[in-house]
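What follows is subunit A paired twice: with subunit B in the first complex and subunit C in the second.
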Partner chain A sequence: MLQFILRRLLGAIPVLLCITLVVFLLMFVIPGDPITALIDPRAAELNPDAVKLLRAKWGLDHPVHIRYWKFLCNAVRGDLGKSYRTNQQVLEAVLQRVPATLQLAAASVAWATLVGVSAGIISAVKQYSVIDFLFMLLALIGVSMPVFWLGLMLMYLVGVRWPLLPPSGYGTWQHLVLPSITLGSAMTALLARITRSAMLNVIRLEYITTARSKGLAERTVVYKHALRNALIPVVTVIGLQMAGLMGGAVITESVFGWPGVGRLTVDAIAWRDMPLVQGCVLFLACAFVVVSLMVDVVYALIDPRVRYD
Partner chain B sequence: MSAASRAHSAQEPPRRASESLWHRFRRNPSAMAGLVITSAFVMVAVAAPWLTPYHPLKNDLSSALLPPSPTHPLGTDQLGRDVLARVLYGSRISLTVGLVVQSISLTVGTALGLVAGFFGGRVDGVIVGLTNAMLAFPSLLFAIAIMSVLGPGLYNVFIALGVLAWPTVCRLVRGEILSLKQREFVEAARAVGAGTLRIMLRHLLPNCMGPVIVVGTLGVATAILSEASLSFLGLGAQPPTPSWGSMIGRGRDYIFSAPWMVVAPGAAICLTILGLNMLGDGLRDVFDPRLRT
Partner chain C sequence: MGALQYRWAASSVWFLLVLMVAASCAPRPQAEPPAAEPEPEEPRYGGVLTRACIYGDPETLDPIYATRVAAVMHIMQIFDGLVVFNAEKGVIEPELAERWEVSADGLVYTFYLRQGVKFHNGREVTAEDVKYSLERVMDPDNASPHIYSFKSIKGAEAFIAGEAEEVAGIQVVDDYTLRIQLAEVDVTFLWELADVAGCIVPKEEVERLGDRFAEQPVGCGPFKFERWVRDSEVVYVAFEDYYHGRPYLDQIVARIIKEPATRELEFEAGRLDMFVLTDPQYVKFKEHPEYRDYLIEVPELFTRHIGFNCQREPFTDIRVRQAINYAIDREAIIETVLHGKAYPALGWYPPTNAAYNPEIEKYAYPYDPDKAAELLAEAGHPQGFTASILTTSHPAWGLPAVEAVMGYLAEVGITLKPELVEGGVLRDQANEGNYDMYIWSYGVSHPLLGLMSFHSMNWGPPGNRVFYKNDQVDALLDQARRAVDWDEMIRLCREAEVIIVQEAPVWFYNYNKAVMAYQPWVRGLKPIPTDMDYQPLHRVWISK
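Presenting the complex of A and B:
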């Protein structure tokens, strides 16, 4: 098991390297550099020496590969450079925002799992009923709805039209409700569909017939026998979706003004704050890799048929 | 596509096979609904100028932020432009994005998948490695990163989304080819003297088109949704282009005073994606009933 985890960790390194390299190299295609974004061009024209000094200070005058190598070496030591804009350590700036993003992601996953899996089970048990049809229609709409639109609609309807919850901001649990519903909606819909089809596949198997024929209660059959086996694809999807939440978080956070890493990413892009963008993307990518790894481990734990080699 | 249905369609003359596909498709209500919605979307995109008397870019500050009324059925935006006109014209942007991005991803993905699956070995290793690396990263985030570098704009959206979409196609085609190339008809083709290129393009490629069409249809939906997200963040289509995503992005500032600016384009996105998803799911049921989710 340990070996399996180690091997997966090693396998993640090239992926992360690729990502850092791509993010790093792509930054060079930007017309102009952070200096031009930071300083009024007229002022820069008047004082070229100051511009040169700033370039040297941030290492912008070195060749590309040396800058990348420096970036990597520093990153390994936890030094992601300083934000061009606030002069704050990037790692510190990103870590400050992590709790908010984790909170949002955890709340979204929790309620998406609860609602999505329950709806999927009910749909499967009552296949072709009105409730099944309704749930699956809702799920289809949920998959098709743009996150940001749902967020704005909730904000308008529940936050302003009928003021039940605060439309934006951060702090209490009430603030968490709308953003987490927004971020979790697509996942809920997908989980409902996956759970339903997984349950339907399992329910047709012979061991379920056996369980029924030996007189077990329907509840025991559904929850103890069928659900446990149907959960395997569901766990995979939860894992993959959790990773996908990182992208959704960027949008949800910027809709609701949620002070997480996602919003920081968008802000950093707007400011052309290169080290900060790299830090954010690197963090989100690491989170993605760690979550995928955890999914693999959980997968192996709940399904004895999966081997570690 | 299951082995049985594949063998089935391979034995029958092609015309009858396609007829039975159409027959199965027609009996699937959600697939038909998807087809109707998608066709309506395409028709609106083509016929936009004839469906509204207003021009999507024409400002009229004297009638800014008007609520829905008989003259402006969906109201007007902060510059007095007719929201309905902008939504109708916006379908052109979405359709273009969907088609261009999918053309890129299907071309690149199919070509690489075909090569990887057919030749195997080191070529396969490199392509699979690249595919896995691309798929190992949350795509919207990657798109945001690429857009932040290329700079905002519709053409850059094409590039970013096209670059991101091909690995799914590639993986699928490769898998199909791996199993197809072991089959007897390939051996038969080779026995009668068909060259490598001919086998790849005339024998293998047409046989894996079913799943590719399904993924392509669902991919159009993903592309449209991604463009909307990027435009919403201000990284995609730039004003005054009437893109649904950027309309919502602008309307967001007026959500409390003029919610119609956000409702209409969002509903349009929703309906379009819903139609494409239903169509894609329906096609999947038709091509391979086993894959139903």
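Presenting the complex of A and C:
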């Protein structure tokens, strides 16, 4: 297993290199000059020499391949450079946002898993019942509902009309409730549907009939025999969603004023802040690698047939 | 599952949905419109003011690196400069310098500093601090975007080039007297001093904190920096020893909320005391029984316009440019596209600019499509022509406005083809003169700088993106640049503006109506035309 993990981590290095190159080229190709995007246009036109000075300061007067090479040389030493816009160390800027991102992603995944998997199990066990119909309809609504709209509705209903929770902001557990529900709603719906379908596939297999015929309690059959084997696709979805939520929460973060990596990434792109964009993308890529590795490890834990030796 | 069960389940879901929608649509139990609350006679000390930062997280809190509203709105609360721009009156006023003298030739400024002014670390501010702060801006090692802001000071260019240890023209006479010698007359010098780069910083704190000074600033302004949670909030507290007296407020919490709907909900929840409205929000708030009495409105110092490429056919002909000005009903567009949240532009200067000329109305272009058709015919385009227009997607001065303009121009035979581009691209193309027309918003607070974008020496990137040239305008602006007397400079600028309006290198569209909504308990906010978020908060107080 350890060898497998090491192999996977080593395999991630060329992936990360490719990602940095693609991001670098994309940022180079998209229109707009970082310096004129960063300083006020009026200041730029009143002081055109200052623009030249800033270009030199940030090395923007060098050819693109030299800039990329310098970036790589510094990156392997752990120096991702400074943000053009804030002059802050990129690594520090990203790490400052990581706790907020992790809190939001973890809370969303936690409640989505709890609610989604439970609903999926109940739906599968009570297939074609009223409750199954209700859960699946709600799941359909959950998947279809725009995050932006849901966020604003929750803010209005729970934050303004019945002021139970702060509508937006960051800092306390109360601030976490609405954004995590918003962000987790689509995932909850997805998990409910995936769990239901996985459970239905497993419940029809012969070993479940055998378990029942042995006189095991229904609860044991469902949770010990059926659920464990139905979990593989569920874990895959949770893993992919978890990694996606790290950087894909930008709409939720914007609506709720949540200081996460997603917002930082979008702002960095808007400001053409190349070092910061690279830092954010590297973090998100690493998150994907780590989470998918964790998913593979969990496969082995929940399914004894999976071996990586 | 039986049909009955299905019906029951479906009904339940519909019931839930209807409940949700009904809850959101039902009128809120609204308070009665507030009775005219008697103003307390004396301002009160204490309280926390929560404001919204609509432009996002500040890029820095170090004055020498700040260029945008997102940063300057905080820096101006933490730092002070020698002088300050009174945006309401459009004039420069004393701040750390209680007075100053200017020599007859306009080259020597002598500033007399207030005594007993303290930095937030407790040390007194002296003339040495002013010299250090100005030289810090010009130090090439610091690569400040404002490095050339004070280049008119004698010796500044040598210092910037690294050829001198200090700026020769800045002389500390004593602890409270500073003399600055200019290399040439610069009518914008005091304005540059009043700008963010002119903030005074304590040397020992800058050296102690290094790069961290941008995150833990120490100034001598009315509020002391307390904390900055990136992308979340900036907090500052009252500075007890502020030389104008302690601010009324105990604390200011500036929350980073870029999403307009979120700001509105936070305001409605009473968790935000003030915020700048967007166009659609203005429609709602100006009719709102609770909030309509708590709005401040002001024409911002920006002129939204459509620029014509004056070096490209058919816009080389003044009559074509004038015809377009006559052909469009700007008031109607303001009402429909902008929901009334703008003031029609009759000339280049907004009414809040110090050089605004009430007489400009005589030269303005009313909506007159017949006159437009007549001028086009005279110019040899009786059937009109086709032209392209560069535009962004900006809701107020982008594609929606262009679409409205297209209809008016079509009536006089002009076919407009919009090219939707991103702001930076528009600027680059306009700088290169690679366009027929563009739509943009432009403004600076200094009357002369605002008009220099029509001087022929500034074609392209320096600001004259319409490639306009008129020798008389050039001469007037050159005279204004050398004018020692403020009133004389204003007169020359007004004269130049009249010619510019007559020759119409742009279609004068509108000046933004900046609107700030505030809670009934907030007192002392002012209509600030530079940006409504540039509120001098030390005189703001809370009545509850």
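Keep in mind that, in the parts below, the second predicted complex is superposed on the first by the 293 of 309 C-alpha atoms of A that agree within 3 Å, B and C clash if a C-alpha of one lies under 4 Å from a C-alpha of the other, contacts with A are read in each partner's own complex, and residues count from 1 in each chain.
In this section, a contact is a pair of C-beta atoms (placed from the backbone, for glycine too) under 8 Å apart; a residue touches a chain by one contact, two chains touch by 3 or more.
In this text, all values refer to a predicted model and were calculated from it rather than measured experimentally.
Q: Kindly classify A:Arg193 by the partners it touches after superposition: subunit B alone (first), subunit C alone (second), both, or neither?
A: The answer is first: A:Arg193 touches subunit B but not subunit C.
Q: Could you let me know whether more residues of subunit A are touched by subunit B or by subunit C?
A: Looking at subunit A, the partner in contact with more of its residues is C.
Q: Just checking: does A:Leu164 make contact with subunit B only, subunit C only, both, or neither of them? Give me first, second, both or neither.
A: So A:Leu164 meets neither subunit B nor subunit C here.
Q: Can A:Tyr156 be said to touch subunit B (first), subunit C (second), both, or neither?
A: both
Q: Please work out whether A:Ile66 is in contact with subunit B alone, subunit C alone, both, or neither, and reply first, second, both or neither.
A: In the superposition, A:Ile66 contacts neither subunit B nor subunit C.
Q: Applying the touch criterion given at the start, work out whether A:Gly244 contacts subunit B, subunit C, both or neither, answering first, second, both or neither.
A: A:Gly244 contacts subunit B only, not subunit C.
Q: If you stack the two complexes on chain A, which partner ends up touching A:Lys57: first (subunit B), second (subunit C), both, or neither?
A: So A:Lys57 only meets subunit C here.
Q: So, does A:Ser254 touch the first partner subunit B, the second partner subunit C, both, or neither?
A: Once the two structures are laid over each other on A, A:Ser254 reaches both partners.
Q: In the overlay, answer first, second, both or neither for which of subunit B and subunit C A:Arg263 touches.
A: Once the two structures are laid over each other on A, A:Arg263 reaches subunit C alone.
Q: Going by the contact rule set out at the top, does A:Cys18 touch subunit B (first), subunit C (second), both, or neither?
A: In the superposition, A:Cys18 touches subunit B alone.
Q: Overlap the subunit B and subunit C contact sets on subunit A and report the shared residues.
A: Overlap of subunit B and subunit C footprints on subunit A: residues 31, 141, 152-153, 155-156, 160, 254-255.
Q: Per the contact definition, I'd like the list of subunit C residues that touch subunit A in the complex.
A: My answer: residues 1, 5-6, 8-9, 12-13, 17, 20, 23-24, 28, 56-57, 59-60, 65, 67-68, 140, 143-149, 211, 214-215, 229-233, 255-259, 261-262, 265-266, 268-269, 271, 421-425, 427-428, 442-444, 449, 461-463.
Q: For subunit A, which residues count as touching subunit B in their complex?
A: For this pair, the touching residues of subunit A are 14-15, 18-19, 22-23, 26-27, 29-31, 140-141, 143-149, 152-153, 155-156, 160, 193-194, 197, 243-244, 246-248, 250-251, 254-255, 265-266, 269-270, 277, 281, 284-285, 288-289, 292.
Q: How about subunit B: which of its residues touch subunit A in the complex?
A: 132-133, 136-141, 144-146, 148-151, 221, 225, 228-229, 232-235, 245, 248, 252, 255-256, 259, 262-263, 266, 269-270, 273-274, 277-278, 292-293
Q: Give every residue of subunit A touching subunit C within the complex, in rising order.
A: Residues 31-33, 36-50, 53-54, 57, 85-88, 93, 96-97, 128-130, 132-134, 137-138, 141, 152-153, 155-157, 159-161, 163, 166-171, 254-257, 259-260, 263-264, 267, 272.
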